[in-house]
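Both of the next two complexes hold chain A, though its partner changes from chain B to chain C.
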Partner chain A sequence: MDDLMSVVDWSRWQFALTAMYHWLFVPLTLGLSLIVAIMESIYLRTRDSHWLSITKFWMLLFGINFACGVATGIILEFEFGTNWSNYSWFVGDIFGAPLAIEGLLAFFMESTFIAVMFFGWKKVSPGFHLAATWLTAIGASISALWILVANGWMQYPAGMEFDPDQMRNVMVNFWDVALSPVAINKFFHAVLSGWTLAGVFVIGVSSWFLLLKRRTALALDSIKVGGWVGLIGIILTIWTGDGSAVQVSKVQPMKLAAMEGLWRGQSGQAIVGFGILNPSKSVGNDEDPFLFEISIPKGLSVLARHDVNAFVPGIEDIIDGVDYDNEGNRINTVSYADRIEMGRLAHDALRAYDKAVSSGDQEARVAALQSLRDNYRYFGYGYLESPEQAIPPIAMTFYTFHIMVMAGGYLLLFFVAVMIFVYRFPKILRQRWMQWVAMLTIPVVWVCSQSGWITAEVGRQPWIIQDLMPVRAAISDISAASVQLTFWMFAAVFTLLLAAEISIMLRQIAKASQESDVADANINNPKN
Partner chain B sequence: MISEDDVCLLSNKKKHCNRHWLQCFFYKMLIAGFYDDLFGVFPRFLLYLVHIIGSATANRPLGDIRYYVSSNIFVIFVYPNKSIAMTDIRNPEKSSRKNPIAGIWRFYSDGFRSMTVGRWLWAMILVKVAILLFVFRLFFFPDILSENYDNDEERAAAVRSSLLDR
Partner chain C sequence: MEMDHTLYILQSYWWLLISVLGALLVFMLFVQGGQSMLLCTRDHTSQTLMVNLLGRKWELTFTTLVVFGGAFFASFPLFYSTSFGGAYWLWMLILFSFIIQAVSYEFRRKAGNLYGTRTYDWFLFINGTLGCLLLGVAVGTMIFGAEFTVTKSNILDAGAPVISQWVPTHGLEAIASWRNLLLGVMVLFLARTTADIYFLANVEHDRNFVVSTRRRLLIDSMVFVVLFLLFVFVFLTATGYRASGSKIIPEPYLYWTNFLEMWWAATLFLLGVAGVLVAIGGTLFVPKFRHGMWYIGVGTVLVVMTLFWVIGYNDTAYYPSLIDPSSSLTISNSSSSRFTLEVMSWVSVITPFVLAYIAYVWYKMDRKPITPAEVSADDHAY
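Right after this comes the complex of A and B.
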């Protein structure tokens, strides 16, 4: 058992490391491709060479980021086959389609049009070039859609039936999988967060140019475009975040409770704006959940159920199967003790089915199959020894969620301020303190972005597929030593590659700051 | 190569060599190609000079019927298209309208040749992909179920056993 948990933990950390590394580059690709497309559209409309130089500069940085991110996702698929073989077999029929579509779209659509973007400036018509730029941006987002459809299915499995002969979930309704409300909400939330991140990146790099008093015209015009994209992005990200909370309260209420450190719910539940958890609090004791908290009254009821007086269940309520509808009527959900029992019945039914098939007992086979189908919904609970094992790591879920929300709130204020300054008070943007604020916001947005994913995936624990399969059942029969070795190899290789990639990016930014154009001369001319 | 009994064809002493008639054909193309590359034009009357030189290098008799057939194929089919191809090199836009595949090839080759920062990025991509595919994938990330089991029934049985024993 200790060895199994060691393999589980190392495999978890390895997947987390590689996924977080991949997510360093993806949101910037999603957002910067849109910003570049907008800039090129402005160039085509105005035919101003100043906008052409702006477009080419940001396109270069987009290309560097794109090259850095290439192939970082492939390693995740390798891990499915090696570390997570039980999982990949169990869900292969569901996962395979979205990942295959994502690979085809990423490879063919993006690769084709990105070549036209970089190689086609004097070889294709300006209109065709612009279309290629837009199609690259759209292709990147469509690729993201299919990955998020796959991840959405993990959070809310739908559109499948379990086949005990094949031991895998078989897709019976593609549209239930592709149009899952969880997946669609995740898609918009993730892509729009990419717009926000790219907006901050553009404003931050442009502020560095302002700090050097170089390429002023490029910087100010870039801030305008990046600022609009970022402002729209953060507003819509917050709106889709609200949608995510509603979905989570319906399909993953334990995750929501962990996100808020909520042990016992109530009607008109407050939301924690800032808090420090009490590490002594656990199921069944009367310790205060928080050492310190600042709450907004009724906030969580509004966020989760869009009703100021709605009941939001806490961790202990969910374990006991307690819930109330918006009218205050008691809803009996299945308690975790009952789910564990049903899960064990499902496991017994699967064993009985296997035995009946081997012995050729048709009656027993039919009975076992019916029992399996009746209890399959809680198949994963059959692995748990107590309801407490179904509680995700509360501290990590709580703190990363609140880091994400606080950073998101700051970013909203940041973009509003920048847009006011750039149009009404441009002199403020030329102040050193403002330039440093903008540059230091770059790591903040990346922390916000990564925190969101950590909340989503840690809050899902112990499940790899909600209610159907816990993480420890998904792991392959391999040694912890092999996983440890590859973990450290990844850490070393990815750190070296990241350092090389960042140095290329910084070198190009520094090189661009030494160039000049006519627009810079005009904007810096005291006569203007 | 030429044996002691073989005599240079220019002296009109005919001897058959062991070379295949296609070799003569390719020799002629090579010579014609060199001339065309150098001067941008290949006067048709020089074809017979090439014919002789090609024959001499291949030790083929001038009267060999296959040799004449191949020469005519060259004149009728290859040379005109080769002229177009040479024209293509001088007029790329004209050629891409006639041959889209050549146009696509040129698009990518010109693009890669003109890269500056892109060269370093491509080097990084190739190193990264090589490490991922030829080191990690080959040695450290086998597909457990595909490698350890021969068919889907065995894989399903293995997964069933693993899941129910956890």
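Right after this comes the complex of A and C.
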């Protein structure tokens, strides 16, 4: 293991690559499955072939995207074993359960009913077909639920205790894991962001039809459905994002500090609306953290603690163990130096426990167990050499967080404007500038979505399980060269598949724009 | 003692579920078996029929693989961490073959797919052959062993913290083992045989297709039966590893002994073999025999399930370490905690319901044989 950090870094890159590619496809699956189900419901209610045509068009794009999501998803599950072998044992007792439940409850539902959705139009009744479409959409969301339960648990480990005989963590309360507020919030935030993304996608593609002056009835009705789903999605995404910030301030204050580039906090802490970080800033020097910044007074205190005068700790405060509650009382006083010391004591205690069990020394075993329990809370810090190692990459966390927030704000305005145009000023939707705005919003929503995940995952570094296991202790016993090779293989394959998906989608959209407007004629003249 | 007994029951129950999922996966590999034939099928209509028949089931196979992995992770995490992290290249090759499969059905005939239909058919072929072969090799390591060690206290070594260590070839040595390969090739020909039977059960209007498929079934099934007999001989004469007290020691003919001691497993194994043979014989020699999939499905599931029982029950190590027998994995030393197994057991109650809706949808979708006209009229056809 000479190249330990190299293996860690390449494993990290490989997982990040897979996760980011996976998240290109999944939010569209989550949102588009809902939109297609709504469209088919309208068709079944109205029996209007126009809505059947709309449903089938978006279903086609859904199918193309779904395939890539499946291809990247399988890798993520198995990479926990291939690249994070230690992790799989250390917390497999807890982490494996949501993955298995996901498979049993969600994947079978999706894979069974998606076949009916695509091929069952003439094989099952219309009602059964609609049920299959809804079950596919529900299956996708249930799948997301259990994955986010697993992810939420990594950020906020709950419902478990350490078993020194097995040298691993074991679950003691399933509901604490499954109903963890962090997990539930993450679920809604991620799934609703999928609605937002799909809403933008539908409006953007429809706007292209409008730009060409083709399939206008399909485009306008699609914008209505996509607009409603997207508007509800963005409002609730922002709402759950606020909940997420409050939770992060409680359970991952270091992540919050990195998101804001905050080195020293204060009561009534301002929030940075826009800023350029000073790369020279580090722990202990007096450099200004920002080269340039525009701040909103007291904004971070409001965001993180819902109190204008609340204290929000910065990176150096957290390292020093300085924090205050809303009444001004000092709390959370365990400094990182102390945490590292306690982590090492926990390691020593586990070694002593193991030795005592082997030698049959009951007294030593009890003493070691007590020491382990007293210090286990900071077990992960025992792997660190200095407090600085517990600081996440500030720049990546800060910039992605701000990109997400700015893009999210823009998306709210976008959906509000689109819905006002749909119901009050429909002519604006037919103007070229609006159509271009809608189309150019498609890359914005993807950047926003990716930025959110980068903030969440980079911001929790160096932990794979908050405070209990750093990423460097979670790896498999493989060479850096092997992981490097598979990284490039994945990068090549995923990129080629993404290129094919985009190309096919563009071709299908172009093909649809060339198709006859019989359906449009139907909607314009129902007697046809 | 009562606690230990409950834990043992839960571990046994979860090994049963793993064996059911593993068995269903092997059966569902008929999709891969069918894919392995696509490149050799010159007739366009036949090829289209085959792709569309397989395309309606591929996601079930894929899902079964994912659930098999997830269930193994949840119930026997030490296997997950040891095998996947250790036999890195073996699993990576399996995964790559499944990535390229996942897009191929959807993309192969779509305009703008960049690489042409032939490329995606090659992807399906690679997944069809390599997927079966390597999954067989992976299961082979559970029977014939692998070269790894497990030292849990490594987790306290900050410089080299990994508890499960593998030889530097990381799974390539498993692929080079002839016994593992034998199992892999056998799985491939079982998958091909099942695919032939599946095609014959679902296409009846195309005379040429039926005749050529029947001819191929004859060859595939003969190769399969020969390989199966060879495998059974190698399996029953192999040395297994048994937990005895705190030690795990090699024991010649352990799997044979287990069959003798677990007569019920042997009985079901033989019944399964009979089912597979009835499916092959009936489809080949009885013109109106249309229940081949049921026989070969039930037969395959019974055979694979009982193989899992024989390598996991009766204190047998289901993942023997050839370089450090004490590191071998048994269902007792590699399982999740009692609490987790209990929780997961409650969740598993839903399994019959899941199987029921899959069976119902399968019935609804496959009630009538597929025709070329139906495929050409379908705007979502592959």
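Keep this in mind: the second predicted complex is superposed on the first by the 513 of 528 C-alpha atoms of A that agree within 3 Å, B and C clash if a C-alpha of one lies under 4 Å from a C-alpha of the other, contacts with A are read in each partner's own complex, and residues count from 1 in each chain.
Rule of thumb we're sticking to: contacts are C-beta pairs under 8 Å (C-beta built on N, C-alpha and C of every residue); 3 or more make two chains touch, one makes a residue touch a chain.
These figures come from a predicted structure and were not determined experimentally.
K.L.:
Putting chain B and chain C onto chain A via the overlay, clash or fit?
P.N.:
Clash.
K.L.:
For A:M171 in the superposed arrangement: first (chain B), second (chain C), both or neither?
P.N.:
second
K.L.:
Once the shared chain is lined up, is A:G96 touching chain B (first), chain C (second), both, or neither of them?
P.N.:
second
K.L.:
Is A:V334 contacted by the first partner chain B, the second partner chain C, both or neither?
P.N.:
It touches nothing on chain B or chain C.
K.L.:
Quick check for you: in the superposed arrangement, does A:V283 touch first (chain B), second (chain C), both or neither?
P.N.:
neither
K.L.:
Could you say whether A:T112 touches chain B, chain C, both of them, or neither, answering first, second, both or neither?
P.N.:
It touches chain C, and chain B stays clear.
K.L.:
Let me test your reading of the model: by the given contact rule, A:K56 touches which partner, first (chain B), second (chain C), both or neither?
P.N.:
second
K.L.:
Please indicate which partner A:I420 is in contact with in the superposed arrangement: first for chain B, second for chain C, both, or neither.
P.N.:
In the superposition, A:I420 touches no partner, neither chain B nor chain C.
K.L.:
Looking at A:V308 after the superposition, I want to know if it touches chain B, chain C, both of them or none. Which is it: first, second, both, neither?
P.N.:
neither
K.L.:
In the superposed view, which residues of chain A touch chain B and also chain C?
P.N.:
Overlap of chain B and chain C footprints on chain A: residues 4, 60, 63-64, 67-68, 70-71, 74-75, 78, 81-82, 85-86, 88-90, 115, 118-120, 123, 166-168, 347, 350-351, 354, 383, 472-473, 476-478, 482, 486, 489, 493, 497, 500-501, 504, 508.
K.L.:
Can you tell me which positions in chain C touch chain A when the two form their complex?
P.N.:
For this pair, the touching residues of chain C are 56-57, 59-60, 62-63, 65-67, 69-71, 73-75, 77-78, 80-86, 88-89, 91-92, 95-96, 98-100, 102-103, 105-107, 110-115, 152-153, 155-156, 158-166, 168, 170, 336-337, 339-340, 343-344, 347-348, 350-351, 354, 357-358, 361, 364-365, 367-368, 378-380.
K.L.:
Could you list, by residue number, the parts of chain B that touch chain A in their complex?
P.N.:
107-108, 110-112, 114, 117-118, 120-122, 124-125, 128-129, 131-133, 136-137, 140-146, 152, 155-157, 159-160, 162-164, 166
K.L.:
Can you tell me which positions in chain A touch chain C when the two form their complex?
P.N.:
Residues 1, 4, 56, 60, 63-64, 66-68, 70-75, 77-78, 80-90, 92-97, 99-105, 107-116, 118-120, 123-124, 128, 163, 166-168, 170-172, 174, 347, 350-351, 354, 382-383, 472-473, 475-479, 482, 486, 489, 493, 496-497, 499-501, 503-504, 506-508, 511.
K.L.:
For chain A, which residues are in contact with chain B within the complex?
P.N.:
These residues of chain A touch chain B: 4, 60, 63-64, 67-68, 70-71, 74-75, 78-79, 81-82, 85-86, 88-90, 115, 118-120, 123, 165-168, 347, 350-351, 354, 383, 472-473, 476-478, 482, 485-486, 489, 493, 497, 500-501, 504, 508.
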